[in-house]
Every structure is written in structure tokens, then in C-alpha cells.
Amino acid sequence: QDSVYVPLFTYRTGPFAGSGIPIADGMHDYLQMLNERDGGIGGVKLVLEECETGYDTKKGVECYESVKGKNPVIVNPWSTGITLPLIPRASVDKIPILSMAYGLSASARGDIFPWVFNPPATYWDGMSMIIKYIGEKEGGLEKLKGKKIGFLHLDAAFGKEPIPLLQELAKQYGFEVALYPVAAQDMQNQSSQWLSVRRDRPDYMVMWGWGAMNGAAVKEAVRSGYPMDKFYSVWWPGEDDARAGGAGAKGFKMLNWHAVGTDYPALKDIQKHVVDKGLSKSPKDKVGELLYNRGIYNSLLIAEGIAQAQKLTGKKVVTGEDVRRGMENIKLDPARLKELGLEGFTDPMTLTCTDHNSHSAAFMQEWDGSKWVKISEPIKPMTEQVRAQLDAAAKDYADKNPGWPKRSERCDNQS
Amino acid sequence: MLYREAGQFKTNYVADSAIFPLRQDRIGIGLIIVAAYALAFLGNDFLLQAVLIPFLVFSLASIGLNILTGYTGLLSLGTGAFMGVGAYACYKLMTAFPEVNVIVWILMSGFFSAAIGALFGLPSLRIKGFYLAVATLAAQFFLQWCFIRIPWLVNYNVSGALEAPLRTLFGIPIIGATATPQTRYLVVLTIVILLTWLASNLVHGRIGRMWIAIRDMDLAAELMGIRPLQTKLLAFAVSSYYCGVAGALLVFLWYGGAEYDVFNINQSFFILFMVIIGGLGSLIGSFFGAALIFILPIVLGIVLPAMLSPFGISVGADVIEHLRFMIVGALIIFFLIVEPHGLARLWQIGKQKLLVWPFPY
Amino acid sequence: MTAAALQPAPAETVLTVNNIEVVYDHVILVLKGVSLTVPKGGIVALLGANGAGKTTTLKAISNLLHAERGEVTKGSIEFKGERVDKLSPNELVRRGCIQVLEGRHCFGHLTIEENLLTGAFTRKDGNAAIRRDIEAIYEYFPRLKQRRTSMAGYTSGGEQQMCAIGRAMMSKPSMILLDEPSMGLAPQIVEEIFEIVRKLNATEGVSFLLAEQNTNMALKYATYGYILETGRVVMDGPAQMLRENEDVKEFYLGVSEGDRKSFREVKSYKRRKRWLA
Amino acid sequence: MDILYKIFIEPFVFMGEAPDLLIQTLWEGLVSGVLYALIALGFVLIFKASGVFNFAQGIMVVFAALTLVGLYEAGVPAFLALILAVLIMLVLAVVVERVVLRPLVNQPDIILFMATFGLTYFLIGFGELIFGGNPKEMITSELYLPRGTTEVEMLGGFVRFQHLDIAATVIASIMIGLLAVFFSKTRIGRALRAVADSHKAALSVGISLNQIWVIVWFAAGIVALVAGIMWGARAGVSFSLQIIALKALPVLILGGFTSIPGAIIGGLIIGVGEKLGEFYWGPLVGGGIETWLAYVIALLFLLYRPQGLFGEKIIERI
Amino acid sequence: MRAPDHPVLSKGDVLLAVENVSLGFGGVKALTDVSFDIRKSEIRAIIGPNGAGKTSMLNCINGFYYPTEGRITFKGVRRPKMRPYEAARGGIARTFQNVALFKSMSTLDNIMAGRSIKMRSNFFWQLFRHGPAMKEEVAHRRFVEEIIDFLEIQHIRKTPVGRLPYGLQKRVELGRALAMEPELLLLDEPMAGMNLEEKEDMSRFILEVNQQYGTTIALIEHDMGVVMDLSDRVVVLEYGRKIADGTPAEVKGDQRVIDAYLGVAH
């Protein structure tokens, strides 16, 4: 039977396994569901293979090399550290890379990075949305003047990325920024950062964390009595992280772009075809949790990429090159989402040749002590500011890498 | 009965103090080198890119650390950071002076880590043993902090990461996305062979003897006129040089771009373990150690599923990973018990047995 | 050896070493079949040149070889009638056989007194008895008493040697394997040590196996002797007999032509005769 | 001049201005110090008794805590789980002694160090295989550990004391006290030091290394369990916890590898020092200096005393 | 390294003078007000009961300990706070009571290591093991082989010294000290743990070194036979104090020495 090979880079081991496991389960279960329910995509079975990276760049690169020979249609590294070395290779090996809302933000520019996709929003988008939301709460962005916003971030490229934008916005709107870097090895030991928070008394706290850092931060915030309803995070904390704070964590907010819960036909199908049949590794009660659904969203993009590729090429068994084209033609409008059994799961999103990100809107959700509750309408990123950052970064990348190839890949949606 | 030293007499001291006095050994080394070059054309991309290049890079770093820890007896947990210094220096140099050939910069970058290494080696005059680890740990964490905090080091890249711009040798790309695994492998292999040869010259000569003297009995060495500080600092510098070059190779010829995080403390431990399991104070041991610690898990990752599947056991990637950890851990202990002085000693004993074969002693 | 015939019917033996072979590091064969016996209450000397394997023999008996990657590959060792080659060293000490290691090996970071106390680790007869024995040892070695609170690592070579011997005595053994007890000790202390050996032997019936380079002394106090050369026993017999053997006299006692020769006069052309080629 | 002012004057002015924050910082430092010391203690026990630097101590902390929580999640009542966890640490000690240490007696320190690394790898794989890699919550309330906060009004501000932190400090102090007495006053304590000094000589005087090693590894296992409970309650139980163990290194080195009081005092110096440094001086360079400050503090002390504050003197004799 | 101009000394001149040296460690006084001298080309024995301070005396002479009081003059130059390696470079070599060889190196390398201070070729040539580096290596190897021949240790040339029996280790250690071509050779119990035959060998080596190269030797030994036969003059220490100084015959007859050390008249 025909098949396409979809490797899934996962980390069910190592210090970041807490986040890695639900994501891996979600990714796997959605594609497995397609296999079970529809016999794959367009009649082609998906061969799923997990490669364990342990969130370690070394092993991630090894994974990439080991799957490279098997004609993968797409690779999703699930780590910024692994994504970076893969970016230059992608174009040579003709394997598209999906780094969903992580990785190199500049790779949103499809004209410069034809092989890399990072939908549905960049970290800059995320930061601008959070500031916008805070501004609205205050009664307008101008009201931010004189306020102080604390930025608690992992002291690594990932956490530092939004800083220039944040500072830019601070200048623009007259608020003050206080930075609280958390080193990777001190992730779980943030008492000095929170002491400084107590000293500086920021009006709002924004967090860019990953893995154990999120849970520890919530705990510390509760411990040090920071008002939780002023504590915001980018889209990475899961339920477990919020739960860690106990009852005190109520009010903690984070940005998200997809639903939690299982009230969607596709998720029901996952339960029916995968979980109930014992084909999933996920505990039943974790299905539908935030990071699980994050994994689903990731697989949704993969599946759409493959489906679009089949449509474009007319082939059943598509290659990485085809899927790259397919990805550029993803259009998740309400109709398509409904078709997929995911109506209302996420906001519409479109990728094009030039825009590999879509800069989609996201919404704010709040922890009510036991689950996430959506508390806002979609928030659009501040396109203007983000655009400037993005273009500068993309230009910078191309400048620093002389000989970076001009896009020669074909584009199917020139419009 | 091919392996015999009988009949090989040395008629002068040059020959007698040769590094490989036995003809069979010399032939063996020659064959290995030829085979290593041949692999560039025989091996597939996976072998070259995911196994051999990193293996060579780690071997080089192990040689570096072996000079310090194995030969001079100074424990260092800062290898990762010293590798980082090399990588960042190389990046700065090759972007600031793109017209100079990058090979020059790779080899030059080691001098920067040598200088930094020597600086952090200063406390070694007073602090010894495991306590010295703290000085190198300070280096590890401080330098790592610098890598993140000084954006100048990465030319203010927004990603905060090192990138590998296109660089060529004789018009053939050796760094950058278009460089093929073959060419990269050949470059790495040549550099590693060259530096190994130099290291071997060093450790077999006066300087090597001084290092070992310091390691074995530093007080006696000093009483024999060996200056401890100079000798130790030299070891720090040479060691860091090797680590620095390895770091540059790691980023530019293996990963092709990396974050500061690849130079973290785990990298330091990783290299240290290669050195110990390979054999402290043995260059060839560095290669054995790198093979065991780096290649073995890869092999296990490939072999384990294949081994389990005939029994109808199909397990997830995570279980494989767990088994891999357990087996590697158990094997490390096993090898240490069989031969605490590392694989290199095991190798030597093997050769000795071969020399007297078929008699047991 | 015909010497065996001269031996009076052996009393009960405490220690029997039967044709043992020892290999270091899997490849270095050091003992090539050594057998010896120590009678109960005897003092047996083990003589031999450098590297003959005396230390190795003692370590094989006390089971310390294992710690140096050595192995007894052949033969058997019996102590008080039981095979002991598989026992752990501490079990052997419990049964009353203790070794004084060659080259001191005190615990450098412990004081002299603590060193002595560790010697009593296996004893169960209470603090008072231990105290008493410590005092006894201080009596033998007054120098130790003066340095009792110093860390052993800072004491002089001879002081450490006394400490090592005293430490072994603290375990109240019934058999002591003494490796080079006289090394680095001043002449009168050497006499003292041999006197202690004699005394313990006479009053408490402690047996001794004594590897010693000071052949003169050893043969004066021992009842029986073995001469080891490159891993083999080449000669054995009652001490009296060995003392009178011409070869022993020449090689080990230095009294070949009746008189002791001055060290200034020795020339290198003499001897080179060996029992084994 | 400005920079000098910022380094030498401003922080102190600020300390004076907000004494409540100073007290809070000191308290946080104290608590971290105690928690570091708890991990360091495990290292010290084993080092003291065998001269082995036990790289696996960090993973033992995780393993012990995971066992406890894992058993509880499997339906075992909390206190029974605690007892079982203790027993499992005993089994671990026995196995380690038999399989790893016994064959490696009298080998150089670095070799034993390496062996404990093998052990680490094994335990990581084994632990994850059994308990899975996802983080778990420590069963704090089931073990009757206090929760909540006391806010004390003082010096024109307030200082918050977490009950859990107070409990951790008390438990750690009791434990350290008991161990210190046990190891300094008993016959075993002396034997331990002897073993660390020389395996060979210890063997020769009839000290049973096997027995000693089981005892100390077991003691270290219990210390690991306590450390696991305390750290787990603070930061959750997961494999990322083993990274924290690295923090024990400067503590250990500063206090001296062989000293139990050294572990606690080293812990306090490091804990308080790094919190003060980060809080008052960190902002000058953009913060995050905590990662290396501990090592630099330790290094400065070492330059003055190469064997750590309370470590055994390094004997240099020829 | 600064190289003070030493006067050329001839046999019988004072090579090393120890004046009123005291050395204390906390409460312990290892040496108290000791004075003696060592003349060029003599064999000077230092004897005394255990813990008398003999080894400490040697340690002071080559800079491992600094005397708390008093002064030590070597070749007419007083060097306060001299580092051990400076002493070595100034021409003082020694062997140790507890053998201090480089255990993992072969005999040959140990002795070669002793020649480190005589080797000059720079780092660059060392890297390539060619040119001056190799030439030098061979030249020194030749010298070392002479020592090996002289000490009759050819058969263990390539054996790691850690495996050698004690007696041979002592001999290798002597070889290593000789490799430094010292002017003053300090021997700390070179014959401990040897049997008669080996002591005779060792005596022969010591005498020969002394006679052929005119090397001055300071010798600590507990074997009275050796001391009396070999040495030109003997200084006796007890509890850190000098109790006698003179020719072997004089010392042997000294009642204090007999009481403190010899036990019975030898």
C-alpha cells in the first residue's frame, strides 16, 4: 500500500518531558486517527515514527539525519535549538520544517525561508498581543504610560527574542520594562527573580518560559504573593504548570490560539479510533488538555500540508518538496475546519508563499483553578511593529549568510 | 601469528623513541587513516554527518581534555565553555575577515580559548583535585553567561545563535548549507589527524613528560625543577586550544549553526566521560571513549528496535530511549570493572596477549 | 629440599599456602607456585631479593590482591584449617589474621591515636580493653605517644611505620603477616620490634609470617625460613640451618669469608650466582 | 565614578532604605542555602566514607521522590509509601555496593566518579521507564507538611515566611545534626574516614568496606529522599530536578567535601551570597549572575583555603 | 631564571651551610637551632632516631620547607624563600623516603623527566618532534642510557615503575636524581627495604657517583654499617637538635649518640 513517511520528533524523556509528552501524544493521536478513520490522507497511509530528542540539540540533529534518508515529508523539531541547525539544511535536503510558533521568527518570511514554516504566530506577534490586551484592560494603550511591565524569561535565544520588540513598545507607549532572566539550570529555583519582582513592583508580569520553568514560576508567584490576575504568559504553559500553583494560581492568564477540551468531532474520533482502541499513550483524562491539543494543531498542519500537496500535484504519494508547496497553500477557513471536524477549534489561518506564519490572532485564557477559560475575543498582533522587526531580522539573516539562496522554489498562489 | 615484535631491533634512539615502535602498529595506523579517508566516499550521509563527523569532533575535544585531565591530572568541568570560546571566536573572526580562508580561522580560534583557558587555569597552582573543578565550573557558567549576554559575540543576531555562513576551500563549500557531508567530513578528518599528530608529538616529548610528572607526583616534579605553574598553564592552554578548535568544528562543520546551549555543563561532562572511559592519559583512548559514549547510543538506538521486534515487542521511541540509557549506564560500569584504566588499557592488554599468544602469559 | 627432613615433626599449622600462582592485571605472572606453612606459634621468615614476590605472597594470604587487580589463579590457602582464599579481608581479620602493609599506609588524615583505634575495629571486647592495649603500644613506642594527636600524614616515616605496626597489633590477632617491619626504622627500634615479635609470640602465642630484607635480624628471631626467588620457593629450612648455609651467608648475611665486608670495598664482579637462572 | 557608586554605595543605601526586603532576601538565601545543603549532604556522606564523588546523587534525589510519589499514585497510603521508599533506597544501596563499588575497590577516585556516572545513566533510564517522564506533584499535605504563609509586619514593611520553608529548615537542621553526631562520635564514623583515606589500608585492618558502603549509601539515599520531598514540594517532582543537584557543587567545595557542618555552612554562605549578589548587584549587569556567582564565591574562599572551609587538610608531604 | 654567579668551588670548600636553622609546625618543633655544613665532594651522613628531623632538614635544604629561623647558604649565596624548583635548577637533587616516582611512566621516561631542566628546545619544535627537538631528545636519551647502564636497570627500561618492586624503584629514583647532574645530591634512606646484596649495589653506585663526578652527597640512612662505611662526616640529630657532628669513628664513640640512637655500640 502507498504511504508517506511522517517522522515525529518528540521528547518523552529528559528535563522537558513534562511538556513534551502531551504534545507528542496529541501529535501522534491525530495522525493515527486519520489512519484509523480514513485510512490516512487521500487514501495514503501515514507511516508515523517517533524519534526521541530529549530536547537535546545533539540528539535532535541525529534524529534529523536518521530520518532524512527515509523521505520524510516534513520535520517538526519541537525545539528552537534543534530548529536552528536544520534551517540551512532544509533547502538542501528538500525537507520542509514546521516549527510551530517557535524557532526562528524571521523564518515567517517565506520569500527568504521557503522551507521553513512557523505558523500561526511569531513570538513578536505574541508579545504584541499581550501588550495590546494589557493596554485594553487599562483602557487604552496610552494608559500604559508610567506603568512597569516585568518580563520573566528563560535566559536563552527563545526567551530573549521578544525583548527588542518589548523595548520598542515601551518607548512608544511610555511604559517601563524590567527584565528577569532565568537561567536554564535555575529554572526551578526562581526565588531571587521573584524577590526582585517584589522590589520593583511591576504592574504586570509577562512570562516566556518552557518546561519546568513555567510551573516553578507560577508557584513562586503564588509564594511571593504576586497578584495572579496581572501575570501573563506566552502560549507554552500547560494545565500541569498552572495546577502547580494550587488554589492561588487562579487568575493566571495566557495567550492561546486553539481550544482546549474535547468537544469537537475530530477529538471525539480520536477518542473513538485511537484512545479507546488503546493505540494512544496518553492517559484518557489528558486528552483535550492544552498541550495535547497543541500537538493536535501541529498535526493538523502536517495533515493539511499533505492534503494540499496531493491536491496540487495530483499525486497520492507526495514528497517533501510537494508538501512544502502544500504548506504554502494551507487555508484553514471555517468551512475547512468544519469539514475536518474542528469547527471553532481555532481561528482561521492562511499561509502563502511569502507569509509562512499568517500572524494569526490569538486569545487570552485564564486559569480558574481547575481549567483554562477563554476570556477574550481574538487579539490581532500589532502588525506594523512586528513587521518591522521581522523584516529587519530576515534581512539580517540573509546579510550575515552571504550566498543564502534567493528563493527559486515555485509558488502556487501568486496573487 | 602476525603480531610479533621479534626480529624488530632498534639500532638508534630515534627509532627506539618512535611513537609506534612496532612495525605492525605503524602499518595498522596507516591502514586506519586510509580507511578513514575511504569512508568519505563509501559512507552514506547518515554515517558521515550523524556519526563520523561528530565522533571526530568529540574525539578532538577529548584529546584536549585528556591533555589536561589525563596527562596533567587537572580535573576540568569547563570543557563545554572552552569549546564555546573557540566557536564564538571563530564566528567573530570569519565574519569580520571573510576574505581570509576559514580554515585559518578555525585553527586560530583555538588560541582564544587557549588564552581564556590559561586564565582560568591560574588557580590550579593552589587548588587541587576535585576542588579545582570549582574554578573550571566558574569558567563554565561565567562564559556561558557571557555567550548569552554579549550580543556582540553573535554580531547582534536576533536569534542570538551562531550561524554558519557559506565558506569555501578551493572554491568548494565547506561551511554552510551547501557544503556536502563528504567535504565537511574530509575537512574535519584532516584537521583531527593533523592535531592528533601534533598532540602525540607533544605528549611523547619533554613537555608530555613534564605533564605526566605533575600528574603523578606534583611535589616531586617541582623538586626536580619542573615549574608547576608554567607547566599547568601550558596544559590548560594546549588543552583549551584543542577544545576551542573542536568547538568551532562542532558548530560550523557539524551542526551548521547552534545556540549557546550546546556548550553547557552537560557537554563538559560528556567529554569528561569520554576521556575517563577511553583512558586517562591516552590519545587513542580519546577516540575509543568518544566512540563508546557517542556512537554506542546511536547504534543501540538502531539495533534495539530491530532486536526487540522479532519477539513481537514493539516499543515506543521513549522506551527505546530509556533502555538506551540503562544499557549505556550498565556498559560504562561494566567496562570500568573490566578495566578501570579505560578502553585504551584494555586495548594494550589485548595487544600484549596477542604478542605472547598462544601462551597466556 | 632435603632441609625439610631436618624439620622436627610440625606442630599444628595455622597457615598453609599450597602451590599458589598469582597473576596481576591478567597478564603478569608473579608467583609461580609458592607453598609454605606456618606452624601454630611459629615465626616464619620469608626472604628473597627485591621483586621476588614476598609482598605478593602476603597479600595473597590476606586477600588484598584483589584490590590491586591481582588474582590467585591456582592453589589454595588455608588458615586454621579452613580455606580462606574466597573470604573478604575483613573476615580474615575477624578470624585473627592481619597484615601490616609494606610502605606504611597509615590513614594520613587520622591522628596517630585514631589510627590505632581503627586497628581495633573488629574487636568487641569493650573500650577499657582497647584503651589498655593502646597504652601498651605507647609503651613499646614512646615516640607515638608524643605524637598521638598529630595527623599521621605529617609524622615522619619511622613514626608511620610504628603506627602501622601498632595498628595491626590493636586487632589482637593470632597471626600477623609482617611486611618489611624494619624498613625506615632506627636500629634500636628495629631491635625493639623484633623483641615485640618474640614477646607476643612467646606470651600470647601469636604466629608470624615475616617478609624481611634484614635477613640477619629475621633469621635471628625466626624459627623457620623460606627463600623466594622470582616467584618460586628456592630453599627452605629451619632458621638455624639457613643461617649456616654458605650461599645464604654470602648473599643475604654478607659474611662470606668469615668477616663482614666494608661497603666501600664491594665490587660488582662478585656473585651473580642464582638458584634459578 | 558613577559605576563605583552603583557598586559600592547604592546597594547598601537600598538595603538601609528597605530593610524588610533585606530581611526577606536573607531569609530566601537562608532557605535556599539549607536546601542546597541538603543535597550537598548526600554527596558529603558518600565522599567522606569512600572518597567517591557521587555524581548520581542528583538523580537519587529525583528517584527517591519519584518512588514516593509514584507509590502514592499507585494507591499506597502516604506513610506506607514513605516507608517503602526508604526500603527501596536500602535496596539501591545494597545493589550499588554489590555491583558497582565492590569490584572497583581501591581504584582511583576519578574511576569511581565515572562509575557513578554510569549509575546516573542507568537510574535515569530505569526511573523514566517505571515512572514516566511527566512531572508529578509532591504529596505535601498527605505527609502533613505545612503549607501557607506567615506575613510578619516589620521595619516598615513585611516579610513573608513560607511554612514549608520553615519546616524544611527545621528538618534539615535536625537531620544534619543527627548525622554529624553519628559520624563524629561513633566507631563507624572513624572507620568511614579511614576508608576515605585509603581503601587498601582500611581493608588491611579489617574494616568491612561492604558494610560501610551500604550504610553510607543508605544514609545518602535517605538524605536524597528528604531532599527530594523538600525540593519536590517547592518545584515539583520531575527529572529536571536533577539539574538542581549541580548547585550542590559549589556548596560542597566551599564547605569541604568531607565535612557535614561544612555542607550546611557552605550552603548558607552560597545561598545568602548568591541571593544578595543577584538581588543587589545583579541588575548592574542585567541580572542572571546567580548562575556563576556561587562558583566565584566558592573560588574566592578556596584561594584562601584550598581544602574548603572545613575540609580535611590536604596533606603535602614528601 | 636568575642565575647568580656562583664561585667555582673546589673539593673541601663549604658547599652548603646550615646556620641556626629552626623549623616548627604549629606546636611541633621539627628542628631547633641546627647548624652544620656540607663540603664539596664529601659524603655527609645525617642520622638520628625516628622523627628526629632528618627528612625535614633535607626539605629545608631544597626549599620544600622554609626554616622558621636561621639561614641556609648554598654555594655562598643565601636564598631566602627559595622555591623547590629553583633549588633543583641551582643544582640540588634528591630522592625520597617514600618513593616519589612518576608511577605511570616507564623507567626510561622517569629518568628522562629528570632531564627536563636540561632540555631547552622550544614548544614549536616539540610540536613537530623534529629538528632541534629530536636532536635534543636523542642527545639526552644517550645520557640517560648511560645512567641506566650504570645502575644496571636495562631490563626494566620500559616497565612502568609503579609495577617495580620497592628496591628497584629506589634505584630508578636515584637514576632520576642523577639525570639532573646535581652538584648536591640528597638521599633519603636510599637503602631502606633492601637486602644486603642490594645495599652493596647501592653503596657502589653512591661511591662511584661521588668519586667519578665529585658530586656532593647528603645521606640519611638507618643502616649503621652503610653510614659508617660510606660517609666522610656524620651529623646526628635527636628531637630536632644536633647532638653530634664528626667523622664516623668519632660519632660512633659518642655516648650521647649511643644512648639516643645506636642503642648498643656497633
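Labels A, B, C, D and E are assigned to the chains in the order they are written; within every chain, residues are numbered from 1.
Please note the rule applied: a contact is a pair of C-beta atoms (placed from the backbone, for glycine too) under 8 Å apart; a residue touches a chain by one contact, two chains touch by 3 or more.
Worth saying up front: this structure is predicted, and the values here are computed from it rather than measured.
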Legend entry - For chain B, the least number of touch steps when starting out from chain A: 1
Inset, instruction - Count how many hops through touching chains it takes, at the least, to reach chain E starting from chain A. - result: 2
Inset, instruction - Determine, using the mean of C-alpha atoms as each chain's centre, which chain is farthest from chain E. - result: A
Legend entry - Selected pair, greater C-beta contact count between C-E and D-E: C-E
Inset, instruction - Could you grab the centroid distance between chain B and chain C? Build each centroid from C-alpha atoms only and quote it in angstrom. - result: 47
Inset, instruction - Averaged over CA atoms, how far is the centre of chain B from the centre of chain D? Could you give it in whole Å? - result: 32
Legend entry - Centroid distance [mean C-alpha coordinates] between chain D and chain A, Å: 36
Inset, instruction - Averaged over CA atoms, how far is the centre of chain B from the centre of chain E? Could you give it in whole Å? - result: 41
Inset, instruction - Pull out every residue in chain C that's touching 2 or more other chains. - result: 28, 154
Legend entry - Multi-partner residues of chain E (each touching 2 or more other chains): 64, 96, 98, 100
Inset, instruction - List, in ascending order, every residue of chain B touching at least 2 other chains. - result: 145, 148, 219-220, 223, 265, 318, 321-322, 325, 340
Legend entry - Every chain pair meeting the contact rule: A-B, A-D, B-C, B-D, B-E, C-D, C-E, D-E
Inset, instruction - Give every residue of chain C touching chain E within the complex, in rising order. - result: 24, 28, 47-52, 55, 102-104, 143, 147, 150, 154-159, 161-162, 180, 183-191, 213-215, 251-254, 260, 262-264, 266-268, 271
Legend entry - List of chain B residues in touch with chain E within their complex: 12-14, 16-17, 198, 201-202, 204-207, 209-210, 212-213, 215-217, 219-228, 234, 281
Legend entry - Residues of chain B touching chain A in the complex: 44-46, 49-50, 54, 95, 98, 145, 148, 155-161, 163-166, 176-178, 254-262, 264-265, 298, 301-302, 316-318, 320-322, 325
Inset, instruction - Would you mind writing out the residues of chain C in touch with chain D in their complex? - result: 62, 64, 66-68, 88-94, 98-101, 105-110, 114, 117-119, 121-122, 151, 153-154, 167-168, 171
Inset, instruction - Over in the complex, which chain D residues touch chain A? Could you list them? - result: 18, 21, 24-25, 28, 31-32, 124, 128, 132-135, 137, 147, 149, 160, 162, 231, 234-236, 238-244, 246-247, 274-275, 278-279, 282-283, 286-288, 290-291
